[in-house]
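In what comes next, chain A is part of two complexes: it sits with chain B in the first one and with chain C in the second one.
And now, the complex of A and B:
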């Protein structure tokens, strides 16, 4: 009874709702940043040599692995994605310095789980949850006026809400939304894990060579590879700029004042600083472009349509076996997706405002 | 039928043949602009252009995966004005401004970004349609603008400023006097901003046309009502103009610093 009065006191109800709405996903990302840090993100794009079978495989096989895992995850039910995710994660045991790799990969994967579950728990359409789970449980109810934000709203009828009792047409956080978010995340994380496996176990030059061998024009291969290898540089530049800003004036990126006018002034100042920082990061990154271009030209980039390499990449027996297994997995995935209730109902998207499943 | 996560739902707001014609027209024009010169594909592209595109693609990755998620998003606002897209808008336009060749925005920058994001994050579900969607929705208008303008992204006053500021000679050999330069400076902001608003307006319009009126239903199988699409598209035009106004001075400044 006391808990009911505390949780659903109008002021506390609004505070909890606003915290869930505005700070939830941001806090998750902030925590992930704290766990990994910029250095961690940079290590994502830096290759460290290894000797296990995964390092000896042809990069094309690993690219195919990523494509097949994503495709099968897209067309089949969520638990097949979960199995594939576990299988791909098992392959991480073959990586050198596996603890360091997992220190980066796991927070990223965890972020996907928490972020999607959090979002879906409050935004998954009621009709969708009803179709999938046949029942929707509201864990916490938000103020009714927030229905306009597109927050999950129960259909007509009474719904039992813990510590509140039966409520008509509630708006709020649902248990099925959390489960639905976790389910659809398995599709994404299976793809993320297989993509990271490729990055962790293949030197960038081998990826370029394999893409070239697959018919990708040298210009596109060069651009792609330079983009991959430049990501740590961009992150490094970001650190340099942010540290120099801090060193010059102890810039705090959070407004601290309680006076509303000062708060607005501080916020505007922060926006100015952030814009300055972003422009500096862009300039710092692009400033080296001319030197990189000269270096590439000196090495006869685009001078000949066909290039030869000192160390060529070839498909070995293990590659052929893996490719055969991947083709079998793809065929099985297509077959399973046609079975009743085994197909994938929704997809991860590239676009935030298409992020509806 | 669902294949690789594509639902092939043709019950779309914009008929499929309109999108098909638009896509074919865009790629045909791009193929024409990229016809081999001196035995090399990609038309007039030089090594430095590929370097700029690669670095901007890297910036796009960092922005979209590390910075954009930190920006608080308010559902009701982002439905009509997806403000976190400002970073992507800025970088794609910067690529077009720096490289200044047809295909620099969509054909290359968005292509490389999509390929990279597929490898490191999204996976290849929905492909090849996400490639087509990302390229045609986010940057095709800018590429077509570059094809129409013969690769000159900015309007004449802006071009004059750069030529004048750097070597006081235009490409035709005419000199740019101080008076002309001052006159151009007066016109600069107006032309620059109006051009950016125009491009941004088209950009936002097509983003919504592609996403809600075709891309979303076709690939994901979800549907939007025509009224929702119309309202969000109209809202996006205003939002696009605001984004264009915000990013244009920074693109101007960065191009000035780098060239």
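And now, the complex of A and C:
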């Protein structure tokens, strides 16, 4: 068959395989950079005040919310995670300027959705899928050497593969893998959505203040703050360094030669240039470290044991009610996860057979 | 008035160096004084300031010997830095490395939280400090979206919140454009009028000389000049590598042995000698080939909705020195990016020596147009200076003997022969690193050289030396120079033509004299005149 010869020609097979393998991660990076970009990152921290209940909560309550949502999503069956995700998204309605928030949140959520789903669908162990779905349908088969290298796990036995016929111990993309990936994904996005909710509804320094109040060492909080606030500078530096490389002689980061030896030489040169650019960006970012340290000392950072807080961070009635609800949710989650067929990830039982997920 | 700072016979030597930076320096400053500290890079200005606030020897290790240091009744050597900061507030060069929070008011509160000030009082002080620096309306703004001048004002607010009696500013405007610098100078003057003692080191002497009570000039670690501004300029600041006001220079030319020198345009005019001057306007005929022609160029950054260039038209002739000036955000850098081929215009066209810029790629472009970035660290990538030059040549497709010849030529021109095997990142920040960044572009021998703020952060002497060098090479090689700058003295001294960018367009163009004159009618363009003459 013609299609068989085209699809499974060794070179084309490898190309398709590599595309499938890298499609997920590359798309994630693309989505984050193209859709969110510098402006989006900025708006993550452009905290806008609001009056709704979510803004009045103590940051610690919101931190607990994301911890509980993440935990429950992780230990229960996928559709409960999906419900949690939808519930968290419903809370977004309480944010002011929702549209701008969603413009940043949706690509991030979509990116983690695709990222997780895609990775899980290729890398999920075949034996898991067999247990969950009782049947595994291969859509496209990768070269066997991937399994030998331990990159992916293959099926054991004979499987029918479209356009290829029966294959012994194949590795590749399966229909069940995709479904499993999508299910698993709800755990990831529920966690991310609740984390973003915290960031959107709380000024960043209040998150740190509340963490410090609950015992996080101030040094750690300060380091986190510096890391977050240096990102705009790092992005800016990266842009300038790339521009200066372009101005220097049109380094376009794409090997163009058709001669294989020249192609490799060009690629190596590009790698060298990328490393040089990274070194430059690091130097630009770190060279002011000493001055930062001096400025922090001058402003009495860590000079006294006692610290006061610019904003009152206090638990109110809403917080106590929310915390109670969250604890109830956590207990319910733990209980549900113990019920047959309602648990999260597969667990191995005493007779060494996989439980139903 | 009471002396707030008394320093007697001070010696400072950094570890690992055998020469002291400060040698037997003695100094007294009165409460409420505004002192301007000047001198070459390395003359000991920063060291002196860091001794007053106690950073030396408490944070930066150094041997501090000699007599007494008394700052508002304390010895900074024996007082913790954060306690000294309650008396002496310090503002350094780079605003970004002194801002720790993402939101404006949080940053002002940072020092107060650390000092466990009660929340009620803290909130009052935050508002009060922001009001002082005129940032109250941006209280909830993200810090990273502030302009350079606003950031530095925020730093000052954070320092003022602990109510110091002395404010130290170590070249606070070297990273700012002229509008930002003006904001800082006005603010500092206002604070001084309210009674704060100010000690500021600054290269833009011309802009502040009218504000200060006293100038202290350091030379090789000792006080060389310590006087009221008029008498200080009479002693000739240029010997300290410091630029003096242009009216002073002008008056010195006319009246060599005067004991009084004007420091402002008004004073100069009062002397009644302006009529004796013939104003000669240079006017270079627009002849020769057109090197750069920009036709109705519009540009929007990818992924942005805001148009940055809104129909730019300009022509620069071969062999000219053209300056592009204008406030930050007016589109100057973007225009340079387009000229250098980093981005392509959204519409309109750019011709470089009659080649369509959009079609000019790779080697052909590198040999026509070179771009020296503002900050040498943004364009130095290799582990040796030689490697840096070879990198450019490789990109320009020049190999072998020709490459060797060119490297030899450019290092001879710039006098950096002995640096070839050194790492560019270990060279001195000021002069040498800058020279290497210029060399790394010049080695491709482009016909057009773009310079973005070529002398930013350099002291007056180094700036002049670098500019003279570049101009000499330009003359010998017949290059065209396009220079983005905030330094109006450079515009006046070196350019044949200046273009004012404002709001994405060329708002005006002409000889520097015409541009300075026109700018009087347009305060929104920024402060373009150096002296008003």
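Methods note: the second predicted complex is superposed on the first by the 277 of 357 C-alpha atoms of A that agree within 3 Å, B and C clash if a C-alpha of one lies under 4 Å from a C-alpha of the other, contacts with A are read in each partner's own complex, and residues count from 1 in each chain.
Everything below uses one rule, namely that contacts are C-beta pairs under 8 Å (C-beta built on N, C-alpha and C of every residue); 3 or more make two chains touch, one makes a residue touch a chain.
This structure is a prediction, so every number in the text was calculated from the model and none was measured.
Visitor: Report for A:243: first if it touches chain B alone, second if chain C alone, otherwise both or neither.
Guide: In the superposed model, A:243 contacts chain C only, not chain B.
Visitor: Count the residues of chain A touched by chain B and by chain C, then name the partner with the higher count.
Guide: B
Visitor: Of the partners chain B and chain C, which touch A:300 in the superposed model: first, second, both, neither?
Guide: In the superposed model, A:300 contacts chain C only, not chain B.
Visitor: Just checking: does A:123 make contact with chain B only, chain C only, both, or neither of them? Give me first, second, both or neither.
Guide: A:123 sits against chain B, while chain C stays out of touch.
Visitor: Check the residue A:75 against both partner chains and state whether it touches chain B (first), chain C (second), both, or neither.
Guide: first
Visitor: Counting only touches as set out at the top, which of chain B and chain C does A:233 meet: first, second, both, neither?
Guide: both
Visitor: Considering only the touch criterion stated at the top, classify A:161 as touching first (chain B), second (chain C), both, or neither.
Guide: neither
Visitor: Between chain B and chain C, whom does A:287 touch in the aligned arrangement: first, second, both, or neither?
Guide: both
Visitor: Let me test your reading of the model: by the given contact rule, A:105 touches which partner, first (chain B), second (chain C), both or neither?
Guide: Touch partners of A:105: none, neither chain B nor chain C.
Visitor: Identify the partner contact of A:203: answer first if only chain B is touched, second if only chain C is, both if each is, neither if none is.
Guide: Touch status of A:203: second partner only.
Visitor: Just to be sure I follow: which residues of chain A are touched by chain B in one complex and then by chain C in the other one?
Guide: Of chain A, residues 222, 225-226, 228, 233, 279, 283, 287-288, 292-293, 296-297, 301-302 contact chain B in one complex and chain C in the other.
Visitor: What residues on chain A touch chain B, complex-wise?
Guide: Residues of chain A touching chain B: 22-23, 25-26, 29-30, 33, 41, 44, 63, 66-67, 69-71, 73-75, 115, 123, 148-151, 187-188, 190-192, 194-196, 198-199, 217, 219-220, 222-228, 230-231, 233-235, 238, 275, 278-279, 281-283, 285-290, 292-293, 296-297, 301-302, 305, 337, 343-344, 346-354, 356-357.
Visitor: Show which residues of chain A lie in contact with chain C when the two form their complex.
Guide: 34, 37, 39, 42, 45-47, 49, 203-205, 222, 225-226, 228-229, 232-233, 237, 240-241, 243-251, 269, 273, 276-277, 279-280, 283-284, 287-288, 291-304, 306-312
Visitor: Please name which positions on chain C make contact with chain A in the complex.
Guide: Residues 53, 55, 59-60, 80-83, 85, 90, 92-94, 96-103, 105-106, 109-119, 122-123, 126, 140, 142-145, 158, 303-304, 337, 340-342, 361-363, 365-366, 370-371, 373, 375, 377-382, 391-392, 394-396, 425, 440-441, 444 of chain C touch chain A in their complex.
Visitor: Quick check on the complex: what are the chain B residues that touch chain A?
Guide: 2-5, 39-42, 45-48, 50-59, 61-62, 66, 69-70, 72-76, 78-79, 82, 84, 87, 91, 94, 98, 108, 111-126, 130, 133-134, 211-212, 215-216, 219-220, 222, 250, 253-254, 257-258
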